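Next, two complexes with chain A in common: one pairs it with chain B, the other with chain C.
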Partner chain A sequence: MSLAYQAVGWNRQKKIYDACLAIGVVLYLTLFMVVGVLWFPHITAETLLLRGFGSAALVLLHFILYIGPAARLFPVLLPLLYNRRHMGVTMFFLALVHAVLALLQFHLGGDQFPLVSLLTSNGDYDSFFQFPFQLLGAFGLAVLFLMAATSHDFWLANLTAPVWKALHMLVYVAYVALILHVVLGYLQNHQAPVTQFLLVGGVWLLLMLHGLAGWREWRKDREARAEDGWVYVADVAEIRENRARIVCVAGERIAVFKYDGKVSAMSNVCQHQNGPLGEGKIVDGCVTCPWHGYQYRPHDGSSPAPFTEKIPTFKAKVTAGKVYVDPTPLPPGTPVAPALIGEGAEVTA
Partner chain B sequence: MIRSLRRRAMVMSQVLLFAALLGSFIGLGMRKKVPTLPRMTYVLQVQPPAGRQIWQQDTGGDPALSAAVWVEEARLTLTLEFAQQPLYADALVYWQVDGAGDEARRLLGPLAGGRQSVFALPNEVGLADGRVVLYSLAHGEQLTAFPLPQQDLGTLPAQQEEPQ
Partner chain C sequence: MKQDHDEFYVGYLPKAPARIGAIVRLTVLLLMGLAAVVAFLTVREQRDIATALFEFGVQREFEGVIALKPYPMLRVQRPGVVSGESAPFSRYLLVAPFKFGADELVAPFDGRRVRLKGSLIYRDNKTMIELAGADAITEIGEGVADASLSFGEVTMSGEIVDSKCFLGVMNPGELKTHRACAVRCISGGIPPVLVVRGRDGTAYYLLLVDRQMGQVNQAVLSMVAQPVKITGELVRRDDWWVLKADPGQYELL
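Up next, the complex of A and B:
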């Protein structure tokens, strides 16, 4: 959470995250170069660098796309989500180096400008196997550039969350283009089973993770029914201290938190990137989004000063050890007195 | 609204990932089988040299090149060995009589994929001074050249047996 726009809002976690990322990339490239030289002693340095940076970008892209669904399935992985945008920008630069090296190696020596050569050297657009795979890579890189350039809260706020989200969903379109770039390019002439297995296995794993996470989300979205204007959430004992139970009502999710002998309800959607607040916990008296750490006070859905984010709140009550919520949303930032957890007493917020 | 957006995103990602998987299977399963010979064998090239080495010279250059001529049963063979893998584009090897124009060059063959190349030499090398020329077809320029003097080759069986 940041009050003013900065290039990077550094904190200790981000520094550790980025250090691990940099070390990982350097280790991968070093290992790739050493193994490449030992395995293919006649390979040229240009080709080794080209393949090293290209494969590093593709591996990192897979890792980035795994994090989202994997963190939903295994919350222990949530810290990986915290600074994923730096991973994305790193991946873009690795892909950019790969593209520049490819232009230098394959398109610089001709009598055409390299980019013109890239666009005109292969015109088999009506063939699947001879399709100019370089253009698929160029398209994927262009999408990754758009995403890297807008990977900042400045753009999230100015483009608005729906537009920003739609733009960043294009990563899957880019992913398809980049997979076909590899399949119709490198793998047409290199038939090592290990490479094929890794590529197909990587795509399959991503598909499975998304499928499992989607199935789990679908189960969560079973509508709760209102009786007398109140929706049953859970027994008080079923909600862990400083944690929430999520209930789905009228097409939206409500997060009901238990803390300090009280219960408060608010929208499950973080204002930052629509993160699932109900999967977070209360830290320093504030509901903390598990994705990027945005915080809201449980009784009014407002971020603590000087921050200005606000989310809708809901009325809650505790009756005979059971927690209920009124499904009518209140305007963002509306204060609602928390429901007190009394022994057998009916307490209405 | 968020829930509908999330569902749309989930369906979109599933469809696109399935398309990626399907494209991978089609692309890998139906590709053309490419022969993967470790080294090409050219018509003009001969087997590795045998017999007696009658001439040898380190011609320098980058990478350093060592040339040698071998003789066996009236057949002359030229070997070119680079210190490192040469990165020449479409390199062709010629023998050329001194003083003759480029159009009179005799093609010995293309450089092999490895560090060493072997070529059969024409009998004329024992009759006149000449030079070996490496020429890049891709760049249209001479890469390097070195002399192959007649007298250095000594009295060649090929020369003795040449019909008059």
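Up next, the complex of A and C:
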């Protein structure tokens, strides 16, 4: 939760997360370098570093992209999402090392300025197979830079979550460019069937995870219709204690929570990174986002003091054991008295 | 107090719930194992690494006769070869540091016997010397006459590479991933070479020149690192093959 900005709001979980990340990166690079030197004594240090850092960045990018849909399919994996931005920034620096090494090795020390050489050395822009793959890599790196540079909550708050989220969805554009960078570069150059298989497998797994997560969400998202101004959500018994049922009305998701014999409804969208609040839980009396733990009071959609986040709230009612919600959003932070779950009674809030 | 069995992870709390923590730990270990396997399998496929070497930082002394045209070379007498036998000289290509040819450094010594300092670059049976700097060459005497031997018109297919990287400065120093660098090198004066592969994979090297034995560096830039077919006159100078052809007649395959 944010109050004042600092470089990193460290806590024990983040330290564990980053330690695992560092161990993984060091393990990958060490293995790549050691095996490379032992197996190919004639390989140059530049080539080994170039390929080691490049492939490490690509592997990490795949892991980063897997985490989102995997956590939607298996919420138990949500801790992997918690500090994913550090993984993203690490991946950017791995890619940056790869790019700088390539620029120095292939373009420095010649008769043109290296960046000019990057743009002009291969002029086959009209050919798919001869296309200068370096530019695809440079484009991907530029997008990754944009994302790494704006990864802090400062930018998230100032750009607003929807803009920030749209910006960070560009990672998929970068991903396509980087896959093409590898296919039209390294893989076009020489026979590497296992690497080809790994890359195809990596892309396939990503598509599968997104496809499955999207399909499951689409099934859940069957549009509900309002009757007499109220939308049926679920039977009271179908909603677990301190958990929510999500209902989709006119394209907007509403999270309806059951807790302490009461029902409250609010927007499903966390103000922080647009996380799905309806997949969260009420902890210490507050709706808690499953992504980063941002909290909102169920009766007014406001974060507890001293935090200032607010989300839209909705009226809810319980009639004959059935929960309904009024799909008209109230301004963010509007207090709404919770609907009481009274046996057989009609309670409106 | 009633125990809550509905586990939920909150990152800023000191500890993850037991079941979630166990599953995530197992997943992290699996991901690390997967990364290690990927690293191993990927690095094992660096099959484009040639047996070539650049003695970076190691300077040796050489003695021989400078031949400036078509590209700077040092003609070194082969030990044990007596006059009258074929190819009594080996030719070492001469280049400047970085991505530049050695024409300017070598020009004052054309046809003269010299002693020079530089770093060796070698692959297969071809050798190149990267000169140590502007004062790397010292004249020590008279040279010997240079001559070419023609083998008539031939057609060869292969890849145009920059000889410096291909012979060992970069490894791999060929094909598309190296194209940009090869263009820079050849544009800077590094001798362009047509590498022709035999059926058994053996590489044959042909220095590319025009019909007048002039350099073709700027004319071949658009065809570097691509399959190309060249018809021209095959000439031998000591132990180097030279292909004399008009770059305008090169065919991209």
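The rule we apply is simple: the second predicted complex is superposed on the first by the 348 of 349 C-alpha atoms of A that agree within 3 Å, B and C clash if a C-alpha of one lies under 4 Å from a C-alpha of the other, contacts with A are read in each partner's own complex, and residues count from 1 in each chain.
The rule is short, and it goes like this: contacts are C-beta pairs under 8 Å (C-beta built on N, C-alpha and C of every residue); 3 or more make two chains touch, one makes a residue touch a chain.
The structure displayed is predicted, hence computed values, not measured ones.
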Should chain B and chain C be called a clash or a fit once both complexes are overlaid on chain A?
clash
Quick one: is A:322 in contact with chain B, with chain C, with both, or with neither? Answer first, second, both or neither.
neither
Looking at the overlay, what does A:44 touch: chain B (first), chain C (second), both, or neither?
both
Looking at the overlay, does A:176 come into contact with chain B only (first), chain C only (second), both, or neither?
first
A:214 in the overlay: touching chain B, chain C, both, or neither? Say first, second, both or neither.
first
Applying the document's definition of touch, where does A:86 land relative to chain B and chain C: first, second, both, or neither?
neither
Dominant toucher of chain A (residue count), chain B or chain C:
C
Thinking of the overlay built on chain A, is A:191 touched by chain B (first), by chain C (second), by both, or by neither?
both
Report for A:76: first if it touches chain B alone, second if chain C alone, otherwise both or neither.
second
Thinking of the overlay built on chain A, is A:106 touched by chain B (first), by chain C (second), by both, or by neither?
second
Can A:206 be said to touch chain B (first), chain C (second), both, or neither?
first
Touching both chain C and chain B, counted on chain A across the two superposed complexes:
42, 44, 109, 184, 188-189, 191
Show me the residue ranges of chain C that touch chain A in the complex, using the header's touch definition.
4, 6, 8-16, 19-21, 23-24, 27-28, 31-32, 35-36, 38-54, 97-100, 170-172, 175-181, 183-185, 187-188, 222, 226
Footprint of chain A on chain B - complex, ascending:
1-6, 9-10, 12-14, 16-21, 23-28, 30-32, 34, 36, 85, 87, 89, 114, 138-139
If you look only at chain A, which of its residues touch chain B in the complex?
42, 44, 109, 128-129, 162, 165, 169, 172-173, 175-176, 179-180, 183-184, 187-189, 191, 196, 199-200, 203-204, 206-207, 210-211, 214, 217, 221, 248, 251-253, 269, 274
Chain C partner, complex, touching residues on chain A are 1, 9, 11-14, 20, 23-24, 27-29, 31-32, 35-36, 39-40, 42-44, 46-47, 51-52, 55-56, 59, 63, 76-80, 82-83, 105-112, 117-118, 121-123, 130, 132-134, 184-186, 188-195, 198, 240-243, 280-281, 283, 288, 290, 292-293
